[in-house]
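Paired with chain B in one complex and with chain C in the other, chain A is shared by the two complexes that follow.
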Partner chain A sequence: MAKQPAAVVGVGQTHHRAKREDVSMAGLCREAIDRALLDANLTLDDIDAIVVGKAPDLFEGVMMPELFLAESLGAAGKPLLRVHTAGSVGGSTAIVASSLVQAGVHKRVLTVAYEKQSESNAMWALSVPLPFNMPVHAGAGGYFAPHVRSYIRRSEAPTHVGAIVAAKDRRNALKNPYAHLRNPDTTVESVLASQMLWDPIRYDETCPSSDGACALVIVDEDTARASANPAWIHGTVMRSEATTAAERDQVNPQASRDAAAALWKQAGITNPIEEIDAAEIYVPFSWFEPMWLESLGFAEANGGGWRLSESGATAMDGKIPVNCSGGVLSSNPIGASGMLRFGEAALQVRGAAGEHQVDGARRALGHAYGGGSQFFAMWVVGSEKPAN
Partner chain B sequence: MTRTLSAPVTVAFDYTRSTGPVLGRFFTGLRDGQIVGGRTSDGRVVVPPPEFDPVTHEPLTEFVDVAATGTVTSWSWVPEPVKGQPFDRPFAWALVTLDGADTPMLHALDASSPDQVSTGMRVRVRWAEERVGAITDLACFEPVAGLDGVEPSEPGPDRARPQPRNEAATEQSRSADVSGVITPVSLDYIYAASPEESAFYRGLNQGRILGQRCPTCQKVYVPPRSACPADGTPTAEEVEVSQTGTITTFCIVNVPFLGQKITPPYVSAYVLLDGADIAVLHLILGVPAAEVRMGMRVKAVWKPEAEWTYSLENIDHFEPTGEPDADYDTYRDHL
Partner chain C sequence: MRDVAVVGFAQRQMAEFDGSPTCVELLVPLFAECYEQTGWTRRDIGFWCSGSSDYLAGRSFSFVQAVDAIGVIPPVNESHVEMDLAWAMYEAWLKIQTGEVDTALVYAFGKASAGVLRRTLALQLDPYTMTPLWPDTVSLAGVQARAGIDAGAWDERAMAEVANRSLTDAEKNEYSIRKGGSSVEELLSRPVYADPLRKHDCSPVTDGAAAIVLAAGDQAREVRDRPAWISGLAHSVDPISMGTRDLTRAPSAARAAAAVDLGGVELAELHAPFSHQELILRRELGLAEDVRINPSGGALTSNPMFSGGGIRIGEAASRIWSGEVSKAVGHATSGPALQQNLLCVLEGNI
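And now, the complex of A and B:
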């Protein structure tokens, strides 16, 4: 049986900040949920099921937080699922929620993802020394920096491309009232002048630590009729692979390429750069923009990505605007970061992205990755109901 | 000798919780020696107050002071307390419905034996000597002698009806409301290496670097993985690999962070040992960080044998061999 049509009719997010000490975890989630429900013109009573996502429990030190959050999320008496795929979890969570509607199990599903980084220290949580092992791990930056170096070598990229991406996303963030980093003075030069943290990654080329949440309301075709501007789901894909394997491609992982190929096929897209009007790609370190542009098929492998980023094609007025919201580089509540990409893609095709709206965006990509580049989640949303 | 190596590991962090306004009110009350409940839309007084109304889902806004006495509605005896529990002697966990509340709250009950505890017994709060705005401000409940069996619905000497808080009377004595609590978490694990990893660590204890070859794809894994991650085949054939190899890629860690074991800056590099098909992550020394290159040939530098344990740390670091750099094509498939 074919999938049932499903659409995003509500998008909500918090004002992302380094420390949201004014709210609890539940309060943070509800801020996003209440905005998404208001946007959808629904209430918690209208919701059939709730799907929650967040990154590793060690980040806040709460095991299975969905249990203590259940009542605050309005889940009492309803199915409540928790999804966990490391950094890609916000995307995977939205996909699980949409699959409940596409499968015809539920009509109105609320999904929320969050992270309250201020309650812990993700760098510590990702670098806990294990017995017998060499304690050379240095958080996510330490993990990804060698692979960025590999990309630069493999694609012969000029070293300022990372700074071009960082400056572009920080400028975009100024148009997003919810963004965490709002620094009007960021330029390519200022990024290049910032401290080298995990060489070759500079301070200004990394994402911040944020508190924040994102929520989406995903509904069936009947419910979507009441919405003036539903974002129809044209395709959803998740793929995973082993973190370490001999000769695994760490720059352009197989799972990423396979996921992209499956996504474009599902969405009926043959030439992504021509057919996608806006992309929200998970870029926690600026170099991942050109890396994922290649892996996703927006550009040729081994160099097409950085040429696209360097040319300005990924700016808001470029051929393929990437991360008009400011992206992960401007707000990184880890668990929510993937859902923010999915939600921002929905806002674009709904014409509801405000100052960072791409004019006339009809189809948009939401993308997330996690772990050691081993979990991938992607969707394409469109302003029109998919034909198939 | 056991088949596998294991070692203790403790994961500990002082988490800082933002309470939000509702739980903040509860913790502020505890600090000030007053237990605060919340009135939900169905008229019940719930302790601790829920952040959101269970029926309307609206944020809870009405707070009610309840009494420091109450009735045990259920309980469980703890004959052998463990680390981190409220007492180091036997005690009870009890559900106590405080006078003025409609729901019970869970806390420790200090009693000398299970014979002293019964459902329906009357108890009162014992406050901690120093109160800071945390659940531990309520040290425990303790039995109220002579009040056993009083029906909860009857007014008694220690009963208090729910009262809206008298803000004016109490405000002056109060400093700022509690908005956060610190939750120290410390988990003790026994970290167990797999049998194959254990063989690897035992090899290191003899100054050897051991891997295993996958019988299906012929790739040599260092450390060995029990099963090949690419095709799932169990691995068995042991292979000793070279102590010399090639840096495939690396990063220079300039950033200090909590729990860091090596003082930055340091070079963390993937070293593809000759004879292995997967790189190991290790430390590069003996060369300025800025001169480390992809393709650089390096060799293991061991700690003095007297310091060897069962760890990759037996290799203190890798340093350049002085050989010409490896050709990019020899390691390009390992990036």
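And now, the complex of A and C:
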């Protein structure tokens, strides 16, 4: 049996904040779920199965939290799956949810991803000492800074490009009512004047720690007919590579390049920069925008990426608008961040992105990565049903 | 639906794995066994999916290093569930059903001996209202066993019968870490551990890992003369709250049973970490008296966290391959007191 068409008909997210003290983990998830169901014009009773994603359990200190959340997520009495694939988890979770529909197993699937960083200690959870392992003790910024330095060296990038990206994403966030950071006065100059944290990554080039959740309703073709603006899934991909190998290219990992190639092929895209109208790319540190632009094939390797970012091509009115929502740089509920990218891509092709809508977006990319750049999840969604 | 079969299975179970902090090192020989059974290399595997828990490994991202066991280059189509192997297999089965891939290798691992498992599992409970009280798993299972006895749903003798049969069958299973049946009377004369549970009513803390290989259609037929075809695969979850559930029942197991065809099942491998839970499952699945239960010895004789459920499916599949039975069911559970349940029906002829 061939793959069944599937579409996103509901997208919901929370107001992302440093501390959502007004809600529990369950309440946070429900805020996103209720918005997604309202958007889809469905209720929990209509949902066949639920897929939950989040980053490590050590963050909030709950082992397999989907078990205690089952009832409040509306999963009691239904199949419930829990995905965990590092930072890419929000994307992978959406992909597993779509595969439930594409496999013909279910018709209406609800998926939700969350992180409540105010109830967790990510820095501790990422730094637990392990036998026979080199301690990082630096958090994600310390881990990725050498990758960024390597990129700057290889591509001979001017050092202010990261600040251009950061200023752009923070300005985009002002158009997104759900964004965590809303700093109206961010400019390239103000980013460059901010504290250096992990050379060359400055404070304003770094994602925040957020509480937040994202939920999607993914349905089969029959159900999608009732929606005025379904976002059809044109391609999904997951790729992983091993952590320890001297030959790994951590700046432009093979898993990322392979994933992009497989994704474009599935979606029937031969020239991404011409055929994709908006991209939501996982950029937790500003420099990852040019790095991923190259790895994804939007630009030539070793310099095409920073030239695109520097030229303004990734701004909302540019050739390839990237992270019109403000991206991970403006809201980072870790487990949900990937699903937010996937959901924002769906909003763009549904014409439902509000103030940060790219006019006439027909095809959009949602992208997430995780670990030390070993794990990748991506999808392409479109306003029209795919031909394949 | 595409025809998909279990065509490979490898396992290790032991009281204490003395090696890698996470049992990841066990995966390399397990994968080698899977390659040997199938005649494949890693490049023949279309999709990988693993199950594990960061709380057993005592670290975040415990599955990350497991990917290294697959090999380095090229990258793989891979996913992970923070669930038992059985659910990792479910995700892989889905992936095959989408038509994207034809084969999958799923694996899981867990080293429970590194901590105090019954306390670690208290972290699975509601973090706002239950975990602060640290109710441990064995005590919660004791509450469930007592509820059933008080309701007249079972008695200690029925529980001892389950344990005696399991310990007897385990004598033939090289991976069982607790074995040796005696008699119901002898078992009942042993001391109570967590009233009304005796030690043999509780699965032993076990380290281990397991892997299952799936293949669709002709690729399955190329691997085995008699693949174990998956004719039904369903799962469901109940609310966690111990105070509002009828602990003598497992509605999610009954719902999973209603979603598959258990008619004609000759053998059931039930993932029942406590003896009374087998009695609950037999009732919810409506298994006839003549259905052979847990010839492997079951979870009461070894129960590695995160692979214990998948091992039930592997054990059932191996008895299809051998021709011993034509239809079998493998069951997996997760969460306190049978909160979440999965059934996989396997058939030799389709």
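One rule holds in what follows: the second predicted complex is superposed on the first by the 381 of 388 C-alpha atoms of A that agree within 3 Å, B and C clash if a C-alpha of one lies under 4 Å from a C-alpha of the other, contacts with A are read in each partner's own complex, and residues count from 1 in each chain.
Rule of thumb we're sticking to: a contact is a pair of C-beta atoms (placed from the backbone, for glycine too) under 8 Å apart; a residue touches a chain by one contact, two chains touch by 3 or more.
These figures come from a predicted structure and were not determined experimentally.
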Legend entry - First (chain B), second (chain C), both or neither touched by A:D222: neither
Legend entry - Partner chain(s) touched by A:R82 [first = chain B, second = chain C, both, neither]: second
Inset, instruction - Pick one for A:E274: touches chain B only (first), chain C only (second), both, or neither. - result: neither
Legend entry - Which of chain B and chain C A:L58 touches, first, second, both or neither: both
Inset, instruction - Tell me which partner A:H147 touches in the superposition: chain B (first), chain C (second), both or neither. - result: first
Inset, instruction - In the overlay, answer first, second, both or neither for which of chain B and chain C A:M196 touches. - result: first
Inset, instruction - Identify the partner contact of A:V251: answer first if only chain B is touched, second if only chain C is, both if each is, neither if none is. - result: first
Inset, instruction - For A:P131, decide between first (touching chain B), second (touching chain C), both and neither. - result: both
Inset, instruction - Classify the contacts of A:S24 with the two partner chains as first (chain B alone), second (chain C alone), both, or neither. - result: both
Inset, instruction - Across the two complexes, find the residues of chain A that touch chain B and also touch chain C. - result: 24-25, 58, 60-61, 71, 76, 125, 128, 130-132, 242, 244-245, 247-248
Legend entry - For the chain A and chain B complex, residues of the former touching the latter: 19-27, 30, 43-45, 58, 60-61, 71-72, 74, 76, 116, 118-121, 123-125, 127-139, 141-142, 145-147, 149-150, 153-154, 195-201, 242, 244-251
Legend entry - chain B to chain A touching residues, read off their complex: 5-9, 11, 13, 15-23, 50-52, 54, 57, 59, 179-180, 183, 185, 191, 193, 197, 201, 217, 219-221, 228-230, 248-255, 257-262, 266, 268-270, 277-278, 280-283, 289, 294, 310-313, 315, 328, 332-335
Legend entry - Contacting residues of chain A [partner chain C, same complex]: 1-3, 24-25, 55-68, 70-71, 75-86, 92, 96, 99-100, 102-105, 125-126, 128, 130-132, 237-245, 247-248, 253-255, 258-259, 371, 374-375
Legend entry - Interface residues, chain C side, partner chain A - complex: 1-2, 21, 48, 53-55, 58-61, 63-65, 67-68, 70-83, 87, 90-91, 94-95, 97-100, 120-121, 123-128, 130-131, 234-241, 251-252, 255, 334-336, 339-340
